[in-house]
Amino acid sequence: MPSVAQTVRVKVLFFGRLKDVVGQAAESLDLADASTIEQLFARYSARIPELAKYRSSVVASRNQEFASWDTRLHSGDEVAFLPPVSGG
Amino acid sequence: MPSVAQTVRVKVLFFGRLKDVVGQAAESLDLADASTIEQLFARYSARIPELAKYRSSVVASRNQEFASWDTRLHSGDEVAFLPPVSGG
Amino acid sequence: MAPPLHHDDIFELVREPIDPRPLIQHVRAPEDGAIVTFDGFVRNQSHNRATLYLDYEAYESMALAKMREIGAQLHEKYGIHRVAIVHRLGRLEIGETSVFIAVSAPHRAAAFDACRFAIDTLKRTVPIWKKEYFEDGAVWADGELPPAPVATRGAKPAS
Amino acid sequence: MAPPLHHDDIFELVREPIDPRPLIQHVRAPEDGAIVTFDGFVRNQSHNRATLYLDYEAYESMALAKMREIGAQLHEKYGIHRVAIVHRLGRLEIGETSVFIAVSAPHRAAAFDACRFAIDTLKRTVPIWKKEYFEDGAVWADGELPPAPVATRGAKPAS
């Protein structure tokens, strides 16, 4: 079979100041299967240039676990972008 | 003035297992002025030989402050012999 | 994905005032001898500016998962008996408790070490955010960046 | 002899059950952000023997003086806001609180360090003794020998 880029649906969440910057807390998004979290973030940064400057102070999670930026995403994944936490 | 051994009155307290060994918790006692705490303890040990074996596991206080065994006692002093403490 | 819970601990996110008493009662047992609690509450100032109130939000499902992870670590590392960790969300007034932790253990060293580990780890790893409201505006509090995996083991470069 | 108290702390020896709530309420203020408490209570066993109950006695005047000294040290060393230390005396049943300590501070590190210093120092230096009652008798608990001055400065040998 030829390598065809399949489109999958993932859920994306933003919290804290990122939510303010992006202007929304959550959306469902279609992207190429096996896209990385880095690519997903870049897609938002392209749309909202302000977001790019937060890149170094954001951690990502996939399915409620901290995840590296090179993590590949698959159908049904829930990705969140998390600014520095300040609970307690 | 010639050095005359004056007699002074001190209050002596025993706590914990020492109270059990001595058979009383408190008494007032006349002793030579400037006697040391060590001498006071020795006087009780002479009366109650069992007490001597506790000497190394006892600390003393004078007027509610921990005191060294060579502390000299004067009229009105309150001396206590304290076994290892176990509060809390 | 989380290991099954072997312990009767409490992990909660709530929107009402936190009552510490049932939490302490829950962790307290005759085989223990020590309970250490931590009560974190809203200060009347932050960086020398008078605080009006705070607003907490959380990534709730992940926050609860992370709180449960902390609990599991307390049992493993410190041999505690039980732990209760409750964090409040939403608007909190000055003096109100934002987080309450109670740890019971047979001996005090374990209870102290575990309670402190719990709040330190919560503040570094649990996805909760605090917005501080002042007379002249509101800011997201400075926080700590959770330690995240740097690269997936064996990951190939993204195409 | 003790320095005058500059702080509104609580130091008590009591013969009734200890209620932690008024103690916590007393140390809690809007300029704080953290309270750490320690609750020490009677375990159902000691060295693998089933305990029936305990009996605590104290050299009360000195115990209170030593508790106040601990409080003064907490302010000096840790910059806490307030502390409450209450120890119960007399007969205590399984599960009853023998000692309760609450420390408030602007930040959690001070509250944790101070609370732990307080109970560790109390157990080493405050003249209180515990008798443990078992099915087959009673024993004075093993304790810690308080650090006492070894020799009076400049003392001459006793005559």
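By letter and in written order, the chains are A, B, C and D; residue numbering begins at 1 in each of them.
What we mean here is this: a residue touches a chain if its C-beta (ideal position, glycine included) is under 8 Å from a C-beta of that chain, and two chains touch if they have at least 3 such contacts.
None of these values were measured; they are calculated from a predicted model.
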item: Label of the chain whose CA centroid is most distant from the centroid of subunit D; value: A
item: Whole-Å separation of chain centres (CA-atom averages), subunit B against subunit C; value: 52
item: Separation of mean Cα positions, subunit D and subunit B [Å, integer]; value: 25
item: Between subunit D and subunit C, distance of the C-alpha-averaged centres to the nearest whole Å; value: 28
item: Touching two or more other chains - residues of subunit A; value: none
item: Touching two or more other chains - residue numbers and ranges from subunit C; value: 40, 119
item: Pairwise chain contacts under the document criterion; value: A-C, B-D, C-D
item: Subunit C contact footprint on subunit D (complex, rising order); value: 21, 24, 28, 30-45, 94-95, 106, 108, 111-112, 115-116, 119
item: Residue ranges of subunit C in contact with subunit A within the complex; value: 1, 40, 56-59, 61-63, 65, 87, 98-99, 119, 122-131, 140-152, 155, 157-159
item: Parts of subunit B lying in touch with subunit D, wherever the complex brings them together; value: 13, 15-17, 20, 34-36, 38-39, 57, 59-61, 63-72, 80, 82-88
